[in-house]
């Protein structure tokens, strides 16, 4: 019986944003009912935590799935576009979609993947996890 | 090459219980040997943490896998039947099975699923995680 | 040699806000230099954690410094005026002062004290602690 | 201008108990009203965290305020009398007083002090902190 | 439609090590460039956290996937070979491979599996997780 | 009755070191007995957490006790002299004293104070806290 070893590196980083839940496709009343406190006009905000999960073989010389400096460079690039911004106003992607934890996770997955594809590395982005707070988070990936 | 996106929302909640490990199917001696300190006659207790993992498509209008208010209502219902109770005495399910972390996790999975099935939502309960403390937890699901 | 016993109860609660660092008493350039990323026009936000520290004798009958239900009622009142708001726009106190961690801590101390004074309890508010994130916080009190 | 250096070592440990809030000096109705869910007949329980704060000079040879092995021995002794017990039934001190966080903190302070006094060490127990959960704790000391 | 229940128990433990990143298969310059601060000659160290994930049926009598005392015995054995050691000097396995989080995770997986195989238990080691710090970890398993 | 307001800002940062407990003033046998596992020849290491507590009036214009950028610059300077080093070999201060949590805390207090004194700020360093791990820490200050 053979066995297939796998290793997955995870890296965690932080950023803080303002946001407001509001969909132009719904009436004011529907928005209020659907989003509750998150519909509050001037927005509020959170300390987000982003985790990236990277799957791949362990390099026999360096002992690494991917060099952490590369991961940190990518995550720095991705989060600096969000950090200390108000998502609805300052980040074009959220002009058209509600900045829910789900949508921000999907956005981060796409951005990390984009940056990762520019490296010539056998590593695969298996998923990202985005925490809005310690009691709420979303995992997003593509099979 | 196509890709299948997936998103999984996780929600965390807390409750506190008393419990005692004792199986009527074993002798006193076997109980003592198997359960150690947890066999202590009048029971002890824990701050439990329950996490529910919900898998589904992201609604293009609301940006949500499921409305968090619905999740919170379900989890409130499920945990209020356990919170500040002594599991062996106060919760019928644990009259017949030992209230181990494994069994409480299975119980919570069943109760969350029961409540979730009454909503008309495309969301799927992929698993629950139950922490007895920060160093011990159980994931329970059904494939 | 006599000894003076003391007991101090601490209660922790959470709220989320948007805010922006901007002082009308400084030029745009001074604001940018002083506040860095926090000067960002549309604001950003945080998950705040507020802790109230209450000092007093332990009641010999109830075994309590103060009934936790009273503390929770006060903290609920104080934080619900801030939760899911944009401090600069939605909370009058921060129309005139920069919503820094220091100023929000002072504001919370004042509000908790105000509410506490309406109870007839021998308990004393020794200080409050306000976390902007896990790496930055302010203790505020009055001697 | 002279300065007085001080150093304070803190050690953290864990134990789990069952307990029930009930005072024989109050009517059933008063108990229910005062203690709410904690009045629940068969009790519930918590993962307690106990921290001991020890103040003293740093020994110039060992670089220590007190040897950690001594601290751990004391805390092991104190917590093993509580761990996996139901406080109301199994710990005599709580036959006569309600096992609130305040009273358990006072009890732990007394027990740690008792054990510490048997060592010939210049160290002083400045206070103990007892967490019932991450949102509620009590500091207890004697001036 | 049938459903396949599964339960997975997780246990968390701590150990502290010194280590240095250095590969004899690379030049000094390549080592410095690849490993950055971790190449520092005399090494540095971390508080590692090891989690073992054990999959199996819940025993209908004991309510357990595996007896926690057995798990703790195994983890104690595995971590005591690493705790308070300098991995490069004191642990033979890391004489030949760089003690990266990836390699330490693989090593721990192998050692836990080895010990587990000596028990007659239906439980399966699905993976281990090793944290170097709260912002970096590796999951390792075999399919 | 007048009241004296006070505000104290706390900033938390991380660094990782190797160290070994060994005092040339004690015999090998005394060292082994006093320091236990920490006496291990090649050393081990930890993820340290350093917190600096800064006391002062809140500036009425900026709303700050001290500008966080200044604090971060100081802490960066102090911790970069320790981070990823082996304290006994790489940091002169620990050639002559055992790198216990107590001594490292005292060292950090001195270094932060030194850097702080070069700024013209009314702020006062009330103490530092150094965590060796989440269960052990030392507060150090000067009255």
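A, B, C, D, E and F label the chains in the order they appear, each numbered from 1.
By our rule, contacts are C-beta pairs under 8 Å (C-beta built on N, C-alpha and C of every residue); 3 or more make two chains touch, one makes a residue touch a chain.
Note that the structure is a prediction, hence the values are computed from the model and not measured.
Peer 1: Once the contact rule is applied, which chains count as partners of both subunit C and subunit F?
Peer 2: D
Peer 1: What is the chain whose Cα centre is as far as it gets from that of subunit D?
Peer 2: The chain lying farthest from subunit D is A.
Peer 1: By residue number, over half of the contact pairs should agree; on that basis which option among A-C, B-D or B-E is the same interface as C-F?
Peer 2: B-E
Peer 1: A-C versus D-F: which has more C-beta pairs touching?
Peer 2: Comparing D-F with A-C, the pair joined by more C-beta contacts is A-C.
Peer 1: Report same or different for the subunit A and subunit E interface, where same means the shared residue numbers exceed half of all residue numbers found there.
Peer 2: different
Peer 1: Averaging over Cα atoms per chain, report the distance between subunit B and subunit F in Å.
Peer 2: About 41 Å, centre to centre.
Peer 1: When the centre of a chain is set as the mean of its C-alpha atoms, what distance in Å lies between subunit C and subunit D?
Peer 2: So the centroids are 27 Å from each other.
Peer 1: So what's the Cα centroid distance for subunit A and subunit F, whole Å?
Peer 2: That gives a centre separation of 34 Å.
Peer 1: Indicate the residues of subunit F shared as contacts by at least two other chains.
Peer 2: none
Peer 1: Name the touching chain pairs, would you?
Peer 2: Contacting pairs: A-B, A-C, A-E, B-D, B-E, C-D, C-F, D-F, E-F.
Peer 1: Using the touch definition from the top, list the residues of subunit C that touch subunit A in their complex.
Peer 2: It is residues 14, 16-19, 37-38, 40-47, 83-86, 88-90, 132-133 of subunit C that touch subunit A.
Peer 1: Quick one: which bits of subunit B touch subunit E in the complex? Just the residue numbers, please.
Peer 2: Subunit B reaches subunit E through residues 21, 23, 25-26, 34, 36, 97-103, 105-106, 134-143.
Peer 1: State the interface residues of subunit C toward subunit D in the complex, per the touch definition above.
Peer 2: For this pair, the touching residues of subunit C are 3-13, 58, 60-65, 67-69.
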